[in-house]
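Next come two complexes, and both contain chain A; in the first it sits with chain B, in the second with chain C.
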Partner chain A sequence: MTETIQQTDRPVDQPVEVSVSDLTVVYRTDLGELPAVSRASIDLVPGQITGLVGESGSGKSTLALAMLNAVPSPGRISSGSITVTGLGDVTKLAGRKLRHARGGTLGYVFQASQNSLNPLKTIGKQLLDLGRAHDVRDLRALVRRAAQLISEVGLDPDRVLDSYQHELSGGMRQRIGIVLALVLNARVLILDEPTTALDVLSQAAVLDIVRRVHRDSGLTTLIVTHDLGVVSEIADRLVVMYGGPNPEEGPATAVLHEPSHPYTRALIGAMARIVGDISAARVLPGRPPDLTTVPRQGCVFRDRCPLAMPVCAEEEPELVQWTPGRRRACHVEPTGVLS
Partner chain B sequence: MKGFLRRLLMKLIAGLVMVWVVATFTFVLVHSLPGNPGDIEYDRLIMQGTPPEIAQAKAAVVAGFTSHEPLLQQYFGYLGQLLHGNLGVSISYSGVPVADVIASAAPWTVLPVLSGLVVSFIIGVAGGVIAAVKRSTRWGGLLTLSGSLMAGIPSFVLALLLAFLFHTLWQILPYGDTSDVTLTPGFNGPYIGSVITHAVLPVSTYALLTYGGWLLTMKSSVVSVLGDDFILAAELRGISPVTRMRYIARNAILPLFTVLAISVGYMFGGSVLIEDIFDYPGLGNLLLHSIGRRDYPLMGGAFLLITVAIILANILAELLYSVIDPRVRRA
Partner chain C sequence: MIEARNITRTYRSHGAITGARVVPALRGVSFSLPKGGAVSFIGESGCGKTTLGKILTGIETFDGGELVVDGVELSGLSARRRAPYFRRIQMIHQDPYSALNPTRTIEQTLEDPLRMRARETGGDRKAVEARAAELLELVGLSPEGVLGKYPHQLSGGQRQRVVIARALTVDPEVLIADEAVSMIDVSMRLGILSLLRDLRTRLGISLVFITHDVATARYIGEDGELHVIYRGSVIESGPTDTIIQTPVHPYTQCLLSAIPIMRGLELPGPQRLVPIGSLDERTEDTGCLFAPRCPFATDECEVAQPALTPWDPTHQHACLHAEPRQVAAMEIALSQ
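Right after this comes the complex of A and B.
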């Protein structure tokens, strides 16, 4: 039953490459199983860059990992599905099939601050490991493809393939991360905070590369970030995440210019701007619910919401379409938030 | 390669300087021990009931080995002999060159120590990996506990316990000496079998003593590598489990090589106590006897050998480290 409701809620005019529907991820703790992601639904449209934003602790990274069915223990996907074109439901995959889906169809790029490369092996050797793990027959062709990608991201292939991780800068490592995610011709690119911990120039360069490879390879891209600046620069669509079901989603420019949910408005209001008074940025009071404090009933944002009404404590708002291409989950009328 | 050779040379020079420092230190230490070989020999003969005149004559022969020259002159003489590879002549083994005495005892320390080390390294490292991977289960906890327990037991307690259990109580393993004295040494079955059974107790002691250290170090190393981002990254790229295990193992085992070098030294030092308890005629035992009899040249030789072994092990470990860890390699 719920399946059909979800189906009709979707913007039906677009094909979908990845469809996350009603996904709940729980972590096993001493207090029982607590949800990190609760009934999240996201559709990734081919050829589009979708931005997934939210505060730290809103479950963005957990959701990104869930897309590869790689929620780290003690977490697990407790309900919902993630359907990828050509793969079926990723949450049902296991063993060899799952392994080949990772890297093969779904490319994952780590936070820039994290070292995603084995420090004891050259990039070239790790590339070969990757090829062998995916039963690539023609390893020479793989190296040629990698060399081509490496030049596309603006690096020297000969030098990079012979380098160890510690011989590369943060920005260079991040570009290698993108190359390794795409070298097996993945169709879906998932980037988790790809620019965090990079300096401004490297950030701009990495975003530029993401935009270019996305366009050139015709990818479906998800970019997870807490940085609205990144999203406004690169994303076509924007999905806002907060504890429970996403508060809001829609075209990036529309959502950023006309936030229809109090949470989105607060996030945008909390941004420090380059131009103007720094004190114009307003701190979003309180903090996101953690696994233990997330309310079981009603809207999860109500405790921090300036527009909260009595109904918010009792009933959880449904994610519904309110204008073409935009969905929101809030009891307050859109006009009430926009004004 | 040129850089490698230069570094090797630097290390060897540093090692030589260290050997010189230790040789000097040993010389000073040995000569500041109370009592000299002549007096010790005289006392021993008197206690055996030898008439004083004969005892004095005999002790004079012993004293003849030790020089009456000024200490500084003796020191330079000692260094000069050392440069020629001459360790001097043993006093307690009446005139046999120290090098020969040491050479005959050395295999009985080197072999048990190294085999004990290899056995404990293999078991400890394997146990550490299991303890790390299964750390939230009961078996993992038990493994870790066993490591902590073994690491905490003093060597002599363990040696005595093993000797008591396997020799005295159950009488399944021989004790003392390197083989059955009735057998002819050589390449024959009974002799080799006897050597092996005689070595079981000391080797197991060495192995059990260091097992805990390996297990605990490897466990914490594996746990930290498991938490490293590149392991998750490899998983998310679909790298096969076998390759991931290789990534983990190679990264986790790195810090253990440093410990390996240090423990070679510890084992040689520890052999003094253990060989004494098992009455096993290796270097440790030799050193103990030479101290008891104020056999200066033998003492110096034994100290020097242990020092050189430790220094060499350290140089080897450092070179090995630079081969296996590209981050330490310098162009």
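Right after this comes the complex of A and C.
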């Protein structure tokens, strides 16, 4: 049986809410400036959930932070642009405009929200701080809006607003992170590893909430994760990241069903699953490159690639469309055969 | 190898405002682990599975039941007499970032326990060094590349391998892995899991695998037993694949339903279940503990906690409304 694959390809002229174009983020080190993100390009389409997948060190969290123009020192955006509808190029924003963009148009849920909440203040106080930082006049309305969102994520507003973060469970804190990201009517929601510290039932509940607020508020959502299962559960589009330009992107179902880049294939093959042949799972050898080991020339993945050819050491493959709606950066011809 | 009978553990907290509170962490857990075998304990955060792991390694005491290791019942023995039995059981912790001393090189980390071991067996310095190198190779690390390094110079996956090598320094017969891969990148997890599998087949080490992730439990102990814990009680147990394919307890069914489906490769089970509410809610302890969250609960469920009863000779459950449901993902047959 072959499943029908939905081709949710966007036509070339479909609107884009966020366009990351040729973005390079470098960190200053003793060895000079080294790239954490190198020429990454991602388009976020309104109403879609995009899943950004990569291993530790692939630069996915740096990319997410760059979208807020919040790359921590000694890092800096060295080239490229991030254009957001209504804001312009985020990399050019500064001062008050930037502060209002962060948490305003761009909602951000931090990796392990449990550690990003202030342990000394109740959730309600932190909400008011957020309002003041954004020059919100009507703080009462802000609290009403927050209370409504808190009920929408399945919690009791009165209890939560008076709680300190240690009084809430991991899943609850993650939901508060989502509420704080959306309370100022963000249009773009960026979630960095939203379920990593959660068990499977809390994860399912949080993903369900993300799906719902995304739909109900008409958001453009980016979810950054190392877990293909999470992307499969929630994302419309899948972007794979690995040091250099993205190896592969396309509609999530199509990419999972028929990965075309050796790295995507290896990632899927390295998952332990609850069905299927256990011995078919393959360990992905080696480790992702870090700042100091990332090759300056050729394909970044070649050292771990089972299909590497001589050309891979010399030329960096370009990200090109190979079939409608899907792009890949690989010298090996796409076979379309599932491995 | 290990035989646990009706292990209970209750914590008492003395809150300044709430007063003394009794929190049962384990309410009578029984299982047996054959030599070279594997058992997995599955449950969500706070179900008591970590407490069980600590009891099995002797870090934590238990207040009821019997723990038999190699035929010897341990609860009657003094701490001193118990120690050699617990040394056969070693723990691999969840967090490889905090399990290693950051100020000590990998060489120092491994050689301390090895020297202790050598004093008993009469080995010399050379033997200690050789054993450290041998253990690192066994866990898939190159001794030259790793021995002189500090933990921060290694990746999460490499650190977890060092933690495993350290556990092996005392030649254990059982390894307890408590969420051993949950903090490691998905791409690196399989390597650690297959290492644990290898240790089982090559060295005959038994494994107790504690996790919330059914898929990793299956990878480690496909041929072993799976026990599902809810609020300190085992509510279903049996052969791993039987529990995945034909779970009969609604809680097990909720857990399996929550596992993400790999679209394009799997189809969702047709009878997926979602629990009501969350574990945070404190409820009365009479009746079935899962009843407040159970979609099938009836008045009968409030009366008494159902005992573990056989569904078939190898498969047990504790539910008045047990019924097999197809909730786990189903593989899409490929057309090629």
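The working rule: the second predicted complex is superposed on the first by the 317 of 339 C-alpha atoms of A that agree within 3 Å, B and C clash if a C-alpha of one lies under 4 Å from a C-alpha of the other, contacts with A are read in each partner's own complex, and residues count from 1 in each chain.
The definition used in the following text is that contacts are C-beta pairs under 8 Å (C-beta built on N, C-alpha and C of every residue); 3 or more make two chains touch, one makes a residue touch a chain.
Keep in mind the model is a prediction, meaning the values are calculated, not measured.
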Using the superposition on chain A described above, determine whether A:Arg102 touches chain B (first), chain C (second), both, or neither. first
Touching A:Ala270, do we find chain B (first), chain C (second), both, or neither? second
Which partner, chain B or chain C, is in contact with more residues of chain A? C
Output check: A:Leu117 vs chain B and chain C. Expected answer is one of first, second, both, neither. What do you get? first
Return first, second, both or neither, reflecting whether A:Ala204 touches chain B, chain C, both chains, or no partner chain. second
After the superposition on A, what does A:Ile223 contact: first (chain B), second (chain C), both or neither? neither
For the complex, which residues does chain A have touching chain B? 65, 68, 70, 72, 99-104, 108, 110, 114-122, 129-130, 132-134, 164, 166, 177, 180-181
In the complex, chain A touches chain C at residues 1-3, 5, 55-56, 169-172, 198-205, 207, 226-230, 232-233, 252-258, 266-268, 270-276, 278, 281-284, 287-288, 337-338
Touching chain A in the complex, chain C uses residues 44-45, 155-158, 185-191, 193-194, 212-216, 218-219, 222, 244, 254-267, 274-275, 278-280, 328-336
For a test of understanding, state which residues of chain B touch chain A in their complex under the given definition. 228-230, 232-240, 243, 247, 250-251, 254, 324-327
